[in-house]
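Same chain, two partners: subunit A is paired with subunit B first, then with subunit C.
Let's look at the complex of A and B:
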């Protein structure tokens, strides 16, 4: 019989090495899977991890895509990580992402065709407000009635998605869209368009916001009392009350911050890469961000790398699908392996496996 | 005569520590055998091996001369070994009979079981109603349930882990009557305690453990508590000398304080009133679960009360939170070290920040001054002799005594005007306990007021100037501690003399 035994003091070096070990293990196991599917595993791994960045033919397209995909994931994951550290489980970032896009994008549509430098800042704020208010619903229900925020925030994802559908088939439908369920294209509205700041880099305002969030998040977590109190709240509710932390305020702040950042991500996405509100707008970024947050060990720097890595497997995975005809399901399994190995290695770092010895007496 | 239980060469190692090293002794039929030792001496590991919860790495156990190697408690119980744990495993929402039935392999019909319970409890003088709900019972009554549960199995050996820590002196007397009766019927008892006076009263023989090894045996009735304590610790102990107490100005005035407990099975505070003066050590006695936790929460600021119910140096602080009270000089150290007074996985530096950041100015506009915090943690470790490799070690890696020294030290180092501690030496080894008591007395000597909430009457007698009893959420009149006898306190703890006018 195998048995897990807690290690007295987990090794620090190993904790940092966990993601690297997990990536290597994923490459090996994934390689075996690709080989079983009849593809050359080395080619497949190269296409997923190497080509999107270094291959001369595809990189000019994929390199900017890397940032474009990673930015919303990282922005949202940083917001979520604060809550997850404090045991406040916002599972509904996807919904807050949608509502940020709807409220911010809706504001832009309402202002159209008014051109001014002030438009973009306004819709940025409105995007954050949309996500924030959407996240306040689970926060208030939890504070007031102790309703489970996991369920409430998750259910509100579907409410938000349906609200988006209602908007793009109704009030926000483009007058020049030939009846498609989608809004006016934002690249037709100069003041509201989240354009690429340097061409062919993928760098847009959302990426800048993401970078700012990494820096601010890191400082808040490691240097500021707020980050400390969040960590105490996550470890022990009683100790945090003893330290004078108000549990209700913690709930509201954690959900509020993650909601606002998700709203921001939604706004940058809809006014830039997606370029319009449509029923196809939700892509599941809000759910993937949960994985990114844990992959990055709930640490902003870690999340930065995890987001880039996740983005890489998406883009590389698409390339592999396209070039080697590897089925999409295999790519998803490959991404699943990454999370599996990360959690598995994590267990081995905190526990050691022992063979249960038979009776000594 | 074959001994009932014979242990020899028992060794059990955990990563980084040898909990038991070549332990051996014998228990005769009808003997009350004491197992003595400081925290971490290996007593729990040893009894867990006897009860089948832990398996020894090497060594031999014999029961009635037969090899005995239980792989699980069920086997140990079948062989006639029963155990009453320090922490009860009872469901509060169920009745006595339901709880006992849950723990049985083949529970009889409810009515039959209730009859058995009544019979056993009558036989041994343990009054118990099978239909009562556990949630409504006192700790002493809950212990009776655990004991009766064991007695229903007709054990040959009854293991009791710190059985009196939750009892009033009168309840202890009842328990001892039961144990004597069991002994006279031939049941052996392995009695674990650190209360040496009790061991002298009830135990025939004692085995003393230190750092996992047997360091001696003795006949308790021929020893003094001091000599036994010194065998446990291995060095001579000094008892803190009491200084004369002259009350200074009033520091803390609590008047008509009520608090509804947040815990459904907790005890609400009713009409608490008292004053604490500079230089005073006020001991608050009482059996656990009579409102001690709630009293600490109300005084520390974790729970708010009406603003004028608590006056600190003349200012109302009743609706201020913990950090505002700390700034004004009111500090506290709760009972539960890991998870309340300290965050288990955080380093000592971070735990120093936990309560120290306001008064020690460890933040600047919300940004933590980590270097200053580290220095503060280091200062606590040095001044309070906390045994740890360094400030970056996690709180949970410290032994109970060392962490308690850290927690108490953290508050004392902030030079409080009023310090409230709950169970400051619970589960702490004798030398650390003496150190903590000395530190509390020194703090009072420097002019602070100290409230010590404790169940350990010997401790309270040793350090208190004044004295009150908390019973069912009410506080008795505060009286001078000199001249009070343990019996009088015991009666107060049972709630006999508490003023009922407020009900």
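Let's look at the complex of A and C:
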């Protein structure tokens, strides 16, 4: 029999090795799943993980997509990772993403057709404010009324999605959209369009914001008092109070930061890659960002790599859908599996597996 | 707008049907949480139950087999969570979220050939004379069997938790797993059984959605019902009887807003669709506001990890 033995200290080697083990295990289990769906598992895995970057035919289109899809995931995951460390569970990033897009995008629609360099900074701020305020709802309800932030933030995702749908069928509906439930297209509004900065790289302002978030997030987490405080709060709420951490402030900061970053991600998405507000705008990035945060070990540098990998599975998943007729949902199941394996192998950090020796204890 | 189109009797009858899936799921989760485990994967288990129950019912032509198969699949999915949290000591919040995400994806994968099909009809009971009585007839004797089963389950869960030895042991494990372990109770085994029960109930609730409530299979059809069930457990302060009241309250709000949409109330239907979620938040706030009372019934070991050192 196997027995788990607690390590005296968490293993640093395993902290780096476990995400890799989890990815490999997911590839194997995913391969089995694709085989059951009637596709060649080796072809499927190659299409998902290799072709988007290295295949000569498709890579010219898919390579820029890598950054475009990774940017919102990483931006949101960094915000979430602070909260997850402090045991503040914001799982409504999807709602904050939507509200950032609605508030920021709505501001742009209100300013249309005023052309000025000042428009874009204004809507960026408004996007962050939209996400921030939406996240403040669970924060305040948690602080004032002790309401569970997991459930409140999640419920607000459905509220936000319905609000978006009310907006695009009502006040934000495009006057030139022939009655479709969608807003004006942002690429017709030069000052508000989040265009590609270098052609064929996928680099837009959201990617720059993502890179800044990685650097600032890393410094805040490892070199700043705030990072220390949330790490203590997560490990022991009681000890953290003795260390002078204000628990309510921690809740407000964690939710506020993640909400603002999710709002930013939504704003950059709606004014760039999505190019308009519509009921099809939410794609579940806010939920995938949770996986990204865990896969990246709640560390900004780790999240950077995890986000790129997850972006790869999205793009590869689309290719596989196209070339092998694998249903779109398969990739979602695949991502869920990745989280399972990751959580499962995490035990190797704190425990080692020993063969149980027979005998009297 | 025509409010007279909304008949109170029909409203209550459809309210009971609308409440049944979340009531079943909430009762299952209530037992899980009483054993000290927080499984946030209810939504995932529900949608797996919905798709598996649907496939079984369409294939065999029997809705009953659909409910059974939905429950089995829900329980099977919950075993992933059980292994992760009980043997591999993974974080329960993250594992539950993973279960929901995997469940939503996997269900869509299983069901993509089954959208647009009608499931076999699940008939309401029809007792001559009684069902035909005015008002009382449809209210008491006009539902399908699952509505009665869900109400029966309220009593069964209450009886199990409060009047049986096994229920007492389960609650002991949820209150203090170290003490229960010291007394020789198999903490992990008991929790795994509770998780399996929660999965089966969520799966059955999901099957009710796809077989009776909607009735057809569409991707993401649970639309947050599993999360509402989780909120319901808090609302009920971990008491089965209150879960019934809560479920009917939520069912009532859902049905009423659908009726108002149909009656053509002059505001965007999107605003009306928000109401069940907003009501959930409001109720959650009211129930949690009194910290002393809220924590009175909450299992003390809820969500904590257990590792037997000896």
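One rule holds in what follows: the second predicted complex is superposed on the first by the 330 of 361 C-alpha atoms of A that agree within 3 Å, B and C clash if a C-alpha of one lies under 4 Å from a C-alpha of the other, contacts with A are read in each partner's own complex, and residues count from 1 in each chain.
Going forward, a contact is a pair of C-beta atoms (placed from the backbone, for glycine too) under 8 Å apart; a residue touches a chain by one contact, two chains touch by 3 or more.
All of these numbers come straight from a predicted model, not from anything done at the bench.
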item: Contacts of A:335 with subunit B and subunit C, given as first, second, both or neither; value: second
item: Of subunit B and subunit C, the chain that contacts the larger number of subunit A residues; value: C
item: Subunit B versus subunit C as contact partner of A:186, first or second or both or neither; value: neither
item: Which of subunit B and subunit C A:243 touches, first, second, both or neither; value: first
item: Partner chain in contact with A:82 - subunit B first, subunit C second, else both or neither; value: neither
item: Touching partner for A:224 - first (subunit B), second (subunit C), both, neither; value: first
item: Partner chain(s) touched by A:7 [first = subunit B, second = subunit C, both, neither]; value: first
item: Partner chain in contact with A:205 - subunit B first, subunit C second, else both or neither; value: neither
item: Shared subunit A surface residues [contacts with subunit B and with subunit C]; value: 361
item: Subunit B-touching residues of subunit A, taken from the complex the two chains share; value: 5, 7-9, 223-226, 228, 231-232, 235-236, 238-244, 246, 359-361
item: Of all residues in subunit B, those that touch subunit A in their complex; value: 15-16, 55-61, 67-69, 71, 300-302, 321-323, 326, 332, 334, 336, 339-346, 350, 353-355, 357-358, 363, 366-368, 370, 393-394, 397
item: Complex contacts: residues of subunit A adjacent to subunit C; value: 4, 6, 37, 84, 89, 91, 141, 145-148, 150-152, 154-156, 158-159, 162-163, 165-166, 169-170, 287, 290-291, 294, 327-337, 339-340, 343-344, 346-347, 351, 361
item: In the complex, subunit C residues that touch subunit A; value: 40, 80, 83-84, 88-91, 93-95, 97-99, 101-109, 112, 219, 223-224, 227, 230-231, 234, 268, 270-271, 273-274, 277-278, 280-281, 284-286, 288-289, 291, 294, 307, 310
